[in-house]
Structures are given as C-alpha cells and as structure tokens.
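Got some structures for you, see below.
In what comes next, chain A is part of two complexes: it sits with chain B in the first one and with chain C in the second one.
Moving on, here comes the complex of A and B:
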C-alpha cells in the first residue's frame, strides 16, 4: 500500500512536470480520519498530497468527465481554431477504468484526452460497515496494519479485519485490476470473489412479488432525493438530468412516495448495461438506501440476455446501444 | 384514473403505446373489419416502438394505468429498419426489472402486431385485458395526490 502510494506520487509528479497532463485526479486525506477525498492537482509539487489507502472510495471517472466538460464549456465563446484540449490524468482502479471505457464508448471524450494511471485494488472500506463494527464509537484516528485497520476511539483502540468491512461491491468484484491503462503501478491484485456476485439478486428474485415490492418501497421511503447518488455516478453525466427537466416535467417533486419511487426506477434503469458496480452511489447515500440490490439486477440481466458486462472492453458496445436479430424475445406476448 | 377502484363493475384501464406503421394500422384494420375487442384500451400513437421511452411505461403506471401495452412492427419489418430491435432490448430489460421490484409481470406487456393483423390486434387486446382483469386494479406506484 505504502509502496503504491509512493509510486503514484512519483508517476503523478512525472506526468505533471513533463506536461503530459494538465490536471490529475486522485485521492487526498479527507478532513476526517476515515475519509479520503477526491482531489485535483495541477502542479508537480502537489503530488505529495496524493494518498492511496482503503478509504479511497468514490469512482474518480466522474471527475475526469467533469473536468473535460468544464473546460469545453469554458471555450464555447472561443473561435473553433483557437480551442484547446486539456488532458486529464486519473488514478484509476478497476471500476474507474471501466467507467472510463463507458465514457469512451459513449463518445464523451477522446482516448488521448485522458491518461490512466492504473492501480491494482484490494477493495475499499464501506463506512457504514466500519461504523457498525465500532458500535457507534467515533473513530479519532485510523491506521492500516497489514490485514487490519487499527482504530482509535474515545473508548480505546480496536483492531478490525479490513476484509470484514469492505464494500459489498468490492467483495464480489470481477475487475479489481484496471481493464485499460497507460501507466501501471504495483503488482496485479489477487482476485476477489466474483462467483458470489449475483447471490443477493438470486435470493431476492425468489421472494414473492409482494415481498419484493415491500422491500423496494421500504428502501425508497428512506430516500430524501438529495441526488448524491446521481451526482457521484460516472455514468450519470447528462447535462440536464431528467429529474431537473421541467418542459415537460418528467418526474414530480411532491411528497408523494410514488414520485421518489419513479425517480429511483428511472435513475436505476438509466444504468442498464452501464453500471460498473463501483458502489459509489451506495457509499455517498446519506440514508443508506440499498441501491445495489436493484442495480445489480440490471447487471445480471445485461449478462444473461446480452452477455455484456459494463465497461469490460472497448470493443463490446453498451447493450442498449446495440441490437441483434437473434435477441431473445420470450417476453413477447402472443395471444 | 383510480376513481372506479371500489366499483364492483371495475373495468381495467390499459394504455397502449403503438407504432404508427404497423400496430396502429393493425388497429385500424380491426376497426374497419368490425372485429370486436374490449374497450379498455387507450391507444397512443408513436412513430416507432423504438420511440417508446421506458419512462412512458413507468409514468403510465404512476398515473393510474392498470396495464401498459407496447406494440410495434415484427422484427425485421420495422419502418425504420431497426427501431423495434432496439426497443426489444430495452423492454426485455424493463419488463424483468419492473417484475423484480415487485410490479406484476402481466401489467407490462410487449408484443408485435403488423398492419395486416387486425385479427391479432383484437386478440392481443382481449388477452391483455383478461390478464389485467385477473390481477385486479393496480395499487402499486400510483400517485395519490
């Protein structure tokens, strides 16, 4: 881990001083001890701000898209021949590289506008699981020691196995090593447990219809529509999202619970074949809505119906952007 | 749309999104051939089944439809060549997803009816109406306000 951090800083410094990138997106120590925050650095001297530890959670691909588009928008009044491109570097684990693949497939930016510094990933800590393990005690300091996390709290110190508090997305991750990269740092990480990927979905599918609806409504009742899940999601890059569209208004903003349910159905459905299961939305949700249970279903169906895994390779287009004469149609009603 | 829920003579309201070139023409043929079918369906004509945003289906359910039907040209016969093939992928996923969250599968139906299939159009409407009737009035996802 230490070693990877050192190499990352080295690579970042090199990229910035050789002007191979105009900005680099990485993680820095957050304001709380159990937090690593996304950061954007533009000077080689800033490279030492970068950290790499199991608190690095959110998917940085979102920031790559944001930076490139902000730059493009700042040039709308510039003559076309005077417009410049900015190259963004990014520290990318497996899921981040898959999100970048999706951006590239969806023609959001060119491959040469992004420099991918690939890092092997052994998973990140889900903050909710950490808090559960601490039984409410506030972590004052955290340090990684081998396989465990040593946490100092007001009640004393505690050692927790990192494996026990990893995000659900990480536990069953299929791509914890970058799927594309320009520079690689560290040795490839050992595989996680992708075989159990759909266990949750399978179990849920076997519940009676009304129980499934009850669970869906219970979860969505928690949602306060802060849209943090959408804002952090790399696949949610629309300039005007349907939730803000008002001509016509797609989804109501009333207190009626169906409005929230419809928002969630559509937000989740927009991820069909595009969700890389990075778990960022789950991680940032202040209310602990179980979004993954529903997102993972789309992932499963995407593979089941079209043998597609989101962002796996540049050659495999998103399933809903393609078609085949031979697609299954057993759902078609024939009277 | 929920006003008649308590009524013993409840009749389902079904919203059908149909494509201009095949299914709508099929409905026309059923009409001019005087083929009888249940009056529970409201047709909404769109250029193509590929034009049907999955959101339309969800929105119809939220606004109180007891069932939603989407119908277009048979695969290979799309006026726009491949619109219905994209639609097929979208709706394969949508139907599974809506069933997964607990909306009865029979509330969202998808089919193909060509311009020459007036008889089939009537049968589709009969079939869908029967299935939705068997489920009873929709109670999920409906906007109360």
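Moving on, here comes the complex of A and C:
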C-alpha cells in the first residue's frame, strides 16, 4: 500500500509538472484518523499530499465531472474558438473507472479530457462497520498493519481484520482493478468475492410484499434529505435535480414520508444500468440508510435482462441507451 | 440554587414515568446511532451515551412545520392560523454544548423586534434537562473554545451530573425546580458532593485538548471577505446538507406554499447555505454562484455575522459537523488556519 502511495505521488508529480493535467483529484489524509478526504491538487509540489489507504472511500469520478463542467460554465461567455479544455487527472480504482466509462458513454466529456491513474484496490473501510467493531469507542489513531487495522482508543488498542470492516460493495466487488486507465500503478489486486453478489437481493426478493414494503419504509424514514447520497454519486450529475425543480414541483419540501420516498425511488430508478455499486452513497449517508439493497436489485435486473454490467467497458452500450430486437420483453404483460 | 440527588438506577424509570403524562424527548438507541426522539412507551431513554446524532433544536425548530392553512372560498379566500396548542414538554439528556445552542437560537427567534411564535411557544413550554459531560465524549469536542464548558448550565433548566452512584441534580431555573418537585421527594446534596462536582468540572474541561480560535479571528474575518484563503476551504465539499442539518445552531429556513385544488398550507422548512438554491434569485442570478461563496457564508455566519449581531459565536463546539461530514471538511481546521494567516 505504501508502495502504491509512493508511485501515485510520483505519477501525479509528473503529470502536473509536464502539464499533462490541469488538476488532479485524489485523496489526502483527513483531520480525523479514520478519514481520507478528497482533494484537488494543481501544483507538482502538492503531490506529496496524496495518500492511498483503506480510508479512501468516496468515488472521485464525481469531482472529475464537476471540475470539467465548472470549467465549461466559466467559458460560456468566451468565443467558441477561444475556449480551452481542462484536463483532469484522477486517482481511480475499479469503481471510479467504471463511473468514468458511464460518463464517457453518456457523452459528458471526451476521453482526452481525463487522465486516469489506475490503482488496484483491496476495498475500503466502511466507517459504520469500524465503529461497530469498536463498540462505540472513538478511534484516536489508526494504522494499517498487514491485513489488520490497529486502532488506538481511550480504552486501549485493538486490532481489527480489515476484511471484517470493508464496505459491503467491496466484499462482492467484481472490478477492483481499473477497467480503463492511462497509467497504472501497482500490481493488479487479487479478486474479491463476487459470487455472492446478489445473495442479499435474492433473499429480499423472496420476502412477501408487505415485508419488503415495511423494510423500504423503515429505511426511508431515516432519511433527512441532506442529499449527500445524490451529491456524491457520479451518475447523479443532472444540473438541476428533479427534487429542486419548482415548475412544476415534483416533490414537496416538507418531511412528509411520501416525499422522501419519491425522492429516493426516483433517484434509485435513475440508476438503472448506471450504478457501479461503488457504495459511496451508503458511505456518505449520515443516517445509515440501506440504499444498496435497492440499487443492487436494479443492477441484478440489468444483468438478468440485458447481460449488462454498468461501466464494464466502453464498447458495451448501456441497456437504456441501446435497442436490440433480442431485448427481453417477457416482463411486458397484459394487465 | 436547589440541589438534589437521584439514585443512578432510578433515573431512566423516572423519565419513563414522566413520559406517561408529559411529552418527553429523550435520547434513544436506534440501530447504530443515538437520536433524540419523542419518548414512547416501548422506548428506553439513555442517560449514558456520547451525544445524539440529531441536534435537540429539532423540537423547537422542526425540519418542517405548517405555519398556516389557506382555502379558496366562493368569494375570496380564508386563512387559518395553525393553532399553537403545544403541550408542556421535557427535553431530557441534552449535552451542555447543545443546551447552549438554545441561548444562541433565542437571540434569533426571541428578537425584541420579531418574536417567532412557533419557536417560542415550544421553547417556553419545554423544560430542558442537561447531562454534564464528566468525560467529554469525543476528541472532536471543543465547547471550551466556543465559550461553553462540559459542566455548563447555560440554556438548561436542570443540570444532572453523574457522581458515580447518584445523579446530582442542580435546579437552574424555576421550571427546573417544578420538574424536580414532580419527580418526588429527593434527598438534598451535601457540601462534600458539591465540592467534588467542582473538582470534576475542572477535570472535564482539562480533558478537552482541542483549541479552536473563536473571537480572536473576528478581526481577520472583518477585513478579508475576498482573501484567497477562501479558494481552498470548500474543495471536496459535496454540497450536501449534513453539516447544517445536524448542527445545533444552524437555523436558516425557507417558506413555501403547497397547494392542491382549492386548499393549501404554508410551510417553514430548514434550508441550508450549502445548497445552490439557497440564494438563487427568481431571475436565475445567484449571488453565491459556487461552493466557495457558500462555504464562506457558513463560516462567516458563525464566526463573524452572528458575532456582529449578538456578540456570540454561532457554534457551540459539539463537533457534529466534524464527525459526520462525509468528506471531512473540518471547521476547527478552518478557524485554526485563519489564525495562522
């Protein structure tokens, strides 16, 4: 891991000093021992700020999209022939590269506007699981030691197997190595365990309707509509989200449970064929809403119906963006 | 000031008893987290916990509330004031930092020029029971830098201190005294206990090691609205509302009408300076066009504008925004970095 970090800094320094990128998105050490914060660097000297460790969690593809679009917006009053491109470098693990594939397939930016520094990934720590493992004690210092995390707390130190506290998305990840990249650092990471990828969804699908509805409403009741899930999601890039539209207003502003449910249902459905299961929405949610259960169901449908896995390759068109006469249609039935 | 002792094991029962005929808000465990909730029959109030994830301001200033209803009639329209029939209530288990937030919110909602009837009715009818932090629960606690103290009784009606076998209850106000009377015959605390409490208070304050500049940076903020420092504060910000929604002192709101057919209601709901819609004007112009201006606003409101208006910093040092920010933007660090400029 330290080796990867060293190489990352080296590559970042090179990209910035050779002016191959205007900005580079990565992670830096946060102010809390269990946080790595997204950062954007523009000078070669800043490369040493970059870190790579199991606390690097949120999907950085969101920042790539944001930076490119902010730059374009800043040029709306520039003559078309005088407009410049902004090239953004990004430290990208498998899921981040899949999100970039989706951006490219959806024509959000050109391939030459992004430089992908691919990193092999062994998963990130779900902070909720870390806190559960510590039984409420606060981590005061954390250090990775082999496959364990050594945590200092006020009650003493504790060693936790990192595997036991990885995000659910990471445990069943199928693409923990970059699917596209311009530069690769490190050796490819060993595969995770995707075989049980849909076990949770299968079990959930087999529950009676009222139990599924009860679970859905219980989870949605936790939501405070802070929109952290939407804002961290690389596939949620609408300039104006439907919840913020006012002519007409689709969703009420109050905390009516149906409004919250409508927001979440709509957001989840908009992820059909577009969710890479990076787990960012779950990781950033301050309330611990189990969004993954519902997103994973759509992911499963995407594969069952169209043999599609979101962002797997640039050549494989997204199911809702392509038409084939062989598309399954047995879900269409006479009422 | 009256002081009483409550046997440790009796407290949860007393609170549950109270909840039988009074509206009680108390911290309860829900899955991984502790939340302030309306205490219902099958819920266990917590007396030993770090702090609740949601701020107790929610009960006086809910995320959304109906201000009035309106109906279209054959001739003209009719307005209906939403009756303020808020019952007497007890808010139990507030940490001293959060209790101080009420003192700050009162400046806004109990302003001599405009008294907010919705907030004030709930505020006046609620008795606040604070729990002193014998051991401040988080490394992100910094109440002492913001004018608070782990044993502060600011904003509280009763302050409870964990003395080991007993809770020491200090009545701060008449409301607090009435509440303790309701709890039955409780023994008085002797001088030895009170002296021990003073010692514990000193120790608790010493356990808070984070120092965050407060009013010291105000002169810099007065002069440096356009300083390049603001270019870096917001980097990484997701523009979500976690910090403002969990903050015990954030109080910005929006007013919206929701109507269907010939009836509707006017709603007041939380707003967040982190949202792009917050200051967007009807024309489409937005005086805070990017997250940079929005972050500057959040910081300035707490450390400059509020100080200008009320001579107090609008932060109580609870550390929620530090702990729960998904991308670790740390308000302590911003203040510390400014102090170094």
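One rule holds in what follows: the second predicted complex is superposed on the first by the 334 of 335 C-alpha atoms of A that agree within 3 Å, B and C clash if a C-alpha of one lies under 4 Å from a C-alpha of the other, contacts with A are read in each partner's own complex, and residues count from 1 in each chain.
Note that in this section a residue touches a chain if its C-beta (ideal position, glycine included) is under 8 Å from a C-beta of that chain, and two chains touch if they have at least 3 such contacts.
Keep in mind it's a predicted model, so treat the numbers as computed, not measured.
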Combined model on chain A where chain B meets chain C, clash or fit: fit
Chain C, chain A and chain B - angle at the middle CA centre, rounded to the nearest 10 degrees: 90
Partner chain(s) touched by A:30 [first = chain B, second = chain C, both, neither]: second
Partner chain in contact with A:226 - chain B first, chain C second, else both or neither: second
Partner chain in contact with A:305 - chain B first, chain C second, else both or neither: first
Which of chain B and chain C A:9 touches, first, second, both or neither: neither
Partner chain in contact with A:294 - chain B first, chain C second, else both or neither: first
First (chain B), second (chain C), both or neither touched by A:252: both
Superposition-derived minimum Cα distance between chain C and chain B (Å): 9
Shared chain A contacts, counted only where both chain B and chain C touch the same residue: 252, 254, 256
Of chain A, residues touching chain B in the complex: 204-205, 209-216, 242, 250, 252, 254, 256, 258-259, 261-262, 265-266, 268-269, 272-273, 294, 297-298, 301-302, 305-306, 319-320, 322-325, 327-329, 331-335
Contact footprint of chain A on chain B as seen in their complex: 54-55, 58-59, 62, 69, 75-76, 82, 85-86, 88-104, 109-112, 120, 123-124, 126-128, 140-145
Chain A partner contacts - residues on chain C that touch it in the complex: 31-33, 50, 53, 62-64, 137-140, 235-236, 238-242, 245-246, 254, 256, 258, 267, 269, 272, 275, 277, 290, 322-324, 326-330, 332-333
Interface residues, chain A side, partner chain C - complex: 30-32, 35-40, 58, 62-63, 70, 128, 131-132, 136, 138, 140, 224-228, 231-232, 244, 252-256, 283-288
